[in-house]
Amino acid sequence: MTENVKVPPFENLDFACVDHDRAIRQGVGEVIFAPGKTADQIVSIAQNLLQSQSFALATRVSEDQYEEAKSLFDQVHYFKTAKIMRFGAMSNKKLDFSCGVLSAGTSDIPVAEEAAVFLEHYGVQVSRVFDVGVAGIHRLLARVDEFNTCNAVIVVAGMDGALPSVVGGLLACPVIAVPTSIGYGTAFGGITALMTMLNSCASGVAVVNIDNGFGAAMAVLRQCNQLK
Amino acid sequence: MTENVKVPPFENLDFACVDHDRAIRQGVGEVIFAPGKTADQIVSIAQNLLQSQSFALATRVSEDQYEEAKSLFDQVHYFKTAKIMRFGAMSNKKLDFSCGVLSAGTSDIPVAEEAAVFLEHYGVQVSRVFDVGVAGIHRLLARVDEFNTCNAVIVVAGMDGALPSVVGGLLACPVIAVPTSIGYGTAFGGITALMTMLNSCASGVAVVNIDNGFGAAMAVLRQCNQLK
Amino acid sequence: MTENVKVPPFENLDFACVDHDRAIRQGVGEVIFAPGKTADQIVSIAQNLLQSQSFALATRVSEDQYEEAKSLFDQVHYFKTAKIMRFGAMSNKKLDFSCGVLSAGTSDIPVAEEAAVFLEHYGVQVSRVFDVGVAGIHRLLARVDEFNTCNAVIVVAGMDGALPSVVGGLLACPVIAVPTSIGYGTAFGGITALMTMLNSCASGVAVVNIDNGFGAAMAVLRQCNQLK
Amino acid sequence: MTENVKVPPFENLDFACVDHDRAIRQGVGEVIFAPGKTADQIVSIAQNLLQSQSFALATRVSEDQYEEAKSLFDQVHYFKTAKIMRFGAMSNKKLDFSCGVLSAGTSDIPVAEEAAVFLEHYGVQVSRVFDVGVAGIHRLLARVDEFNTCNAVIVVAGMDGALPSVVGGLLACPVIAVPTSIGYGTAFGGITALMTMLNSCASGVAVVNIDNGFGAAMAVLRQCNQLK
Amino acid sequence: MTENVKVPPFENLDFACVDHDRAIRQGVGEVIFAPGKTADQIVSIAQNLLQSQSFALATRVSEDQYEEAKSLFDQVHYFKTAKIMRFGAMSNKKLDFSCGVLSAGTSDIPVAEEAAVFLEHYGVQVSRVFDVGVAGIHRLLARVDEFNTCNAVIVVAGMDGALPSVVGGLLACPVIAVPTSIGYGTAFGGITALMTMLNSCASGVAVVNIDNGFGAAMAVLRQCNQLK
Amino acid sequence: MTENVKVPPFENLDFACVDHDRAIRQGVGEVIFAPGKTADQIVSIAQNLLQSQSFALATRVSEDQYEEAKSLFDQVHYFKTAKIMRFGAMSNKKLDFSCGVLSAGTSDIPVAEEAAVFLEHYGVQVSRVFDVGVAGIHRLLARVDEFNTCNAVIVVAGMDGALPSVVGGLLACPVIAVPTSIGYGTAFGGITALMTMLNSCASGVAVVNIDNGFGAAMAVLRQCNQLK
Amino acid sequence: MTENVKVPPFENLDFACVDHDRAIRQGVGEVIFAPGKTADQIVSIAQNLLQSQSFALATRVSEDQYEEAKSLFDQVHYFKTAKIMRFGAMSNKKLDFSCGVLSAGTSDIPVAEEAAVFLEHYGVQVSRVFDVGVAGIHRLLARVDEFNTCNAVIVVAGMDGALPSVVGGLLACPVIAVPTSIGYGTAFGGITALMTMLNSCASGVAVVNIDNGFGAAMAVLRQCNQLK
Amino acid sequence: MTENVKVPPFENLDFACVDHDRAIRQGVGEVIFAPGKTADQIVSIAQNLLQSQSFALATRVSEDQYEEAKSLFDQVHYFKTAKIMRFGAMSNKKLDFSCGVLSAGTSDIPVAEEAAVFLEHYGVQVSRVFDVGVAGIHRLLARVDEFNTCNAVIVVAGMDGALPSVVGGLLACPVIAVPTSIGYGTAFGGITALMTMLNSCASGVAVVNIDNGFGAAMAVLRQCNQLK
């Protein structure tokens, strides 16, 4: 019963093992998580990744990191609300796959944009529907047509986190819920919204970490991989 | 600036200080919390209260406590789902005040009934609307007429606790939210529903303790006191 | 059993769906939650709301947001302690409804003021009774006359959050308890006071989120809607 | 901007609003959550659902509930490990969609089976791979062929909840992680596994509530709805 | 700077190191904590202790443990409400020291009795004042004379745990607060009362563990040791 | 049974009800909690208190608050480590009462000093024994003589909070344990130390809030009141 | 950079993947965790393991499981306090390695015995030192000679969990701390002891899960593997 | 049974009791924890320690503290990533003992370096293997040869904290797991990683406090003490 397992390629920089095989294994290449990294380190990893991919993305990039990276590398683009930085050129890929990105409030938009911008880089058609929280349920119902034919929906909400329960009950497609840290007091930095979503009375709603728009986009891209 | 404060009447039983003045101070006489009390103690307090009121209520009464109390006192009535026991006769009082009592699920009904039965003893007209959780939002919207002219609404929900946020957005009257311990895993025995409700994106929703149907009814009766 | 549900009017700004019908549905128009919004966005929403209301309120407004808003819009007033900003003119509406606003300590006053200032904009007569925490119970008892004829009482307390239990036992009117984040160590930013209030041994005390003076005011205004 | 929204059909039993439209809206008809319901209530709802579907499923059914239901209704089948009860006949539907169901340990099997049995009722081809936790990583790697061509994978794990992180790194398809309440002490009834999964260093892993095998199956079925 | 430290006498039973010196070091001999011990073990330790003291006490003794212990040892007395068992004879010691023992509710009495019975064995004069919770503040104020000349006060309360804050504000003597596990939902088995007490706005209130009447009595006895 | 209760004197400043009777009721006059108050407010309250006491203390005073207060009032003294500010002259009172103040580490000294400085203002003889945590148990044992004849002991510790358990086992006098917020990670800002202390295996150890050196001093002063 | 990794042998029973290589990889063969397994399953796995090892151990075995296993397999031995069951014969292996196993209280003994019995099966010389909690620090100091020459020490404690801090300060060898679920109220089923141990002011104390005597023994056996 | 216990030497500075005997008792001399200490205090303690040791280490030293210390003392060396400062000369000691130090991600390197640098000062041969988290399990497997002959392994991980479970399953030597505060949302500053590690399905993994690289190094040095 002893067998062999193949080890895919990676490269050992000093401070990071860059994973060149991830695009094959997971459908999306390695993404750079910017917090705690210097602009130097971000650019190094990006350059290394660009050897095997046409563009590389970094998430949670501060404006300072962007400014410094821009001085180190030519082809950098920064999405300010989404805090995403792209090295290299945008691809032209267009999938026959649409995804609604809903937010409960105005303050949840940055997290929603992280998901939306990320998806657009991989060819997903995104439909943004913002500020449709359940306290004015008519606003949501009036805009159902903007997202009810989508292949997946990402629902971003803070405070009471109730929106995915309602959306999950209206739609048959995958619903990925993203709690945000918006709120105060017992919002507990997103824990309340997270718990609400995990207990959604609409069944089959799947959840990612607080403020994790990127994770939600990745969950949807995993679904896209199956459509191809 | 030294003044005197009047001390209202009470009676010191061995194990309890019965408060004969509470009906005047709070609009509703002292209510017996049954858990941890013997049937004997419950009946003693009830008899003491019946000296100054026409009926006395006990909450969270088990069937065993009821059976034993029935053998000790003649005029006892038991509301099985609500777990409320009444000593003495039902009053005929009818207030010009209606209250909707909504539940998100079937399992939340006992808590909703505790509120409803309690309110009916004080003359409130109760409108029960059960199993209208937000996963099937159309069920709620189709039944809005049953509660949107009420003077107050009590909304009982476990799991995601999202119903009060939607109801609070539909109505202008007071909304008292009651989280229930229904659910499993991260429902945390009602904590998740409680936190959802405290963070309701519909403003002015007030909340009581987990499974506290009685407390919600009392909050509504405090409002009734002002209408008289 | 298939029916139609009417969708009330709202307006889709880019970053917000402004709810023009809320004053009808909830008795009070949409209120702007300032944190995380630019002064620009606040003013845009306010201007949009002023199309259908005579004044618009924003809560939790920083002095910086106020200064910038003032440069963008003429008729702005700022309540510094309450951190409330009003666009448009104060109304002259006076309701036959009074509300006590009590605070346990000096540090709880900003939250109490948020509630008080908000209520006054909708015509409620407010009676402020500050620094009457239970460690000096005589201070509270000596001032009972200032609030015991009110139609509702808002009780604001941090630290041990014990004041609403005592006040709830003295009065028959609705009592809305507001925990504050005042305290240190095991005050846990208001969680302890919140939990105390949810477990108030005075029955029928309803609770809102930590530091949520606005929510308490809204709960009282829901009650006012019934009196009209 | 006032519009109408259609209300889909449902039926108001006394204790439940049965949702006849859910199969259309969500791809799967209403499922009966058995805990806290009497066998009578379960059978009533099932009979009502069988008016519009060929079979109805109940989850978390105890052996006692099954025994009683069997005496009330003819065509009942019970899946003992999965605790699922089916009313009516199994369908013959076979989708061109396969789903791996992995468990980290032997004790996680009941939750894994709840997911697997549920999926099989809707035509999904299930590949069970049990007891492949990361403490013996070779066991997982040796069996990769059993699940790496699936269209989705459900990963069930208690204790450290680490399995989805490894699986998510190996595969490009959707990965739904289910924490279980298996473990003791700081396993905290599944909270630790849940938190591990929400923080999975493999991106795009989506999570459902503790022990919620049914929810994971529903998340996968939402994906199936898009493939048809 | 190397010195020697004296080791006081103790005896190593197989399962316990009995501490014969504790009465000297701490003023009260070793007390047997009954849960998890067999009646046999309890009696063995008691017999060992009776070699150096005239009586020995065990706390949290179940009725079963008492029944069995009674069959193994002659001179045993059981205090049913307090769940205390005494081996040997009551002492006649009477200290010139009085302690009030207050309870907020009827259900808190067992914990209060554990403290009271314990104190009485060491000669303290105990004044019991039960069911004087703050929801009926007049009941407390009317009975102030029963405890305001005491040398110390133990205040026992569950639910909101607010009583010590009021009592601490009325008295100059030491106040030991004991939270109890009475309550439901967010009472969290006494955690809420504990947190309230630790945040008491009356200063100098000291707190012991939940339901720890014995610990409160010991804290008072430490004070007695100083008076001798 | 209706009685009268006397209301002691207090004064209603705008933002505070100053309690002139507290020195009589609690043995120590009202103490000003500085955080969140302006230097102006602190000085106003102090001046008001100095009408009935010879000095007034404020706790948790920042250096900025002190600098500003010094410019507003002549007789101010600041204890930098203890963060205590005194208005008026030090009293000469010397009680026949000594209190040990122990700290587990160097970083716990500010909290220990808050207790020590406070006690010294009321005539208590303080014995400071710092940096004697249990990881070097010999350091504690070698210094036992410095505190084992005291009338009370305050034990201040962060991190594991284990020191009071050892000290409580060595001494017969009252032991007041003060958890501090020193530590990192799972020290949880003092919660771990607090919980350790509440579960002290030495019985009769009483506990106050995290970092609450003042509260511990007040608990000891309550004991002093009985000695007089 | 693509390489191959060898997969060690294991066997796929239906409900378990038995790991025959673990004794080589980890020094100790697979151990059966009994809870949630039938006696049948336990015996099957044990028999499978006995193909490659001379004995097999199961932990947390109930007396019922033992009774049933005994009827299915001949050579079974049960350690009642430790709740360990051995299949096959005890080995005669004796290592030149000694381990102290200390417990703070009598109630912690079952966890201590799980560690001790386990170690003895692998040839470790165990020194048991029970009931030496820090409230009587002299008991610990007087018995230091029984464990201060050991190669490792396991320290088992519930309640305040303070013992490892003191022991860690006395010894230079590895100290493995095991929190137990002994205690009540804020002992939180062992969480408090765990947190105390993680914050031990003696450095280099390593910690395992609550009540995990087996895990502590395994940590020590990992150290033994290095000595061979 | 009364015995004497020797008290080892220490020195009482004003603010600290310096422990000169610790190198004998614990194998490693006292280490200075820098946070909250002035550069002055750090240098004083270091100078005192250098009386009995050839070098002294301080941990968690900020760059500011280093700059100031450098101006006060000649022979100071600062390890920037590890935040360790050494007073005196590096020793030449080389043990026949190797330790792997693994990190899951790039951001965990500072904690890993604290452990590695510390170990190297005591002669341990350290093998650094960074950024080998389980999401790319092949990276870990490909580098097994770099650490599988070590005498101990320290595994540092944040976020899901899953790496020690996999490593513990691959190796027979001691595994010390260090959770880090890396992550966001439900990473809870390292609590999630800590809980994962305490529940590791690989047995015998021992855990230290969050970000406590120093503690892990000390645990390994305790093992070294036994090898000598």
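Worth a mention:
In order of appearance the chains are A, B, C, D, E, F, G and H, and numbering begins at 1 in each one.
By definition in this document, contacts are C-beta pairs under 8 Å (C-beta built on N, C-alpha and C of every residue); 3 or more make two chains touch, one makes a residue touch a chain.
Not measured: the values here are computed from a predicted model.
A centroid comparison over C-alpha atoms places E as the chain most distant from chain A. Each chain gets a centre from the mean of its Cα atoms; the one farthest from the centre of chain H is B. We define each chain's centre as the mean of its Cα atoms; on that basis chain B and chain H are separated by 57 Å. For the pair chain E and chain G, the distance between mean C-alpha positions equals 36 Å. If you average the CA atoms of chain C and of chain H, the two centres end up 51 Å from each other. Chain F has residues 1, 3, 5-8, 10, 136, 138, 141-142, 168-170, 185-187, 191, 194, 198-199, 202-203, 209 in contact with two or more other chains.
Every residue of chain B that touches chain A in the complex is listed here, in rising order: 104-105, 133-137, 141, 159-162, 165-166, 168-170, 183, 185-188, 191-193, 195-203.
Across the interface of their complex, chain B is touched by residues 5-8, 10, 15-17, 19, 21-22, 33, 35-37, 41, 179, 181, 189-191, 194, 209-212 of chain D.
The touching residues of chain F, when paired with chain E in their complex, are 1, 3, 5, 24-28, 31, 138, 141-142, 144, 151-152, 168-176, 194, 198-199, 202-209, 214-223, 225-227.
Those residues of chain G lying in contact with chain E across their complex are 106-107, 109, 130-132, 136, 138-139, 141-142, 182, 184-187.
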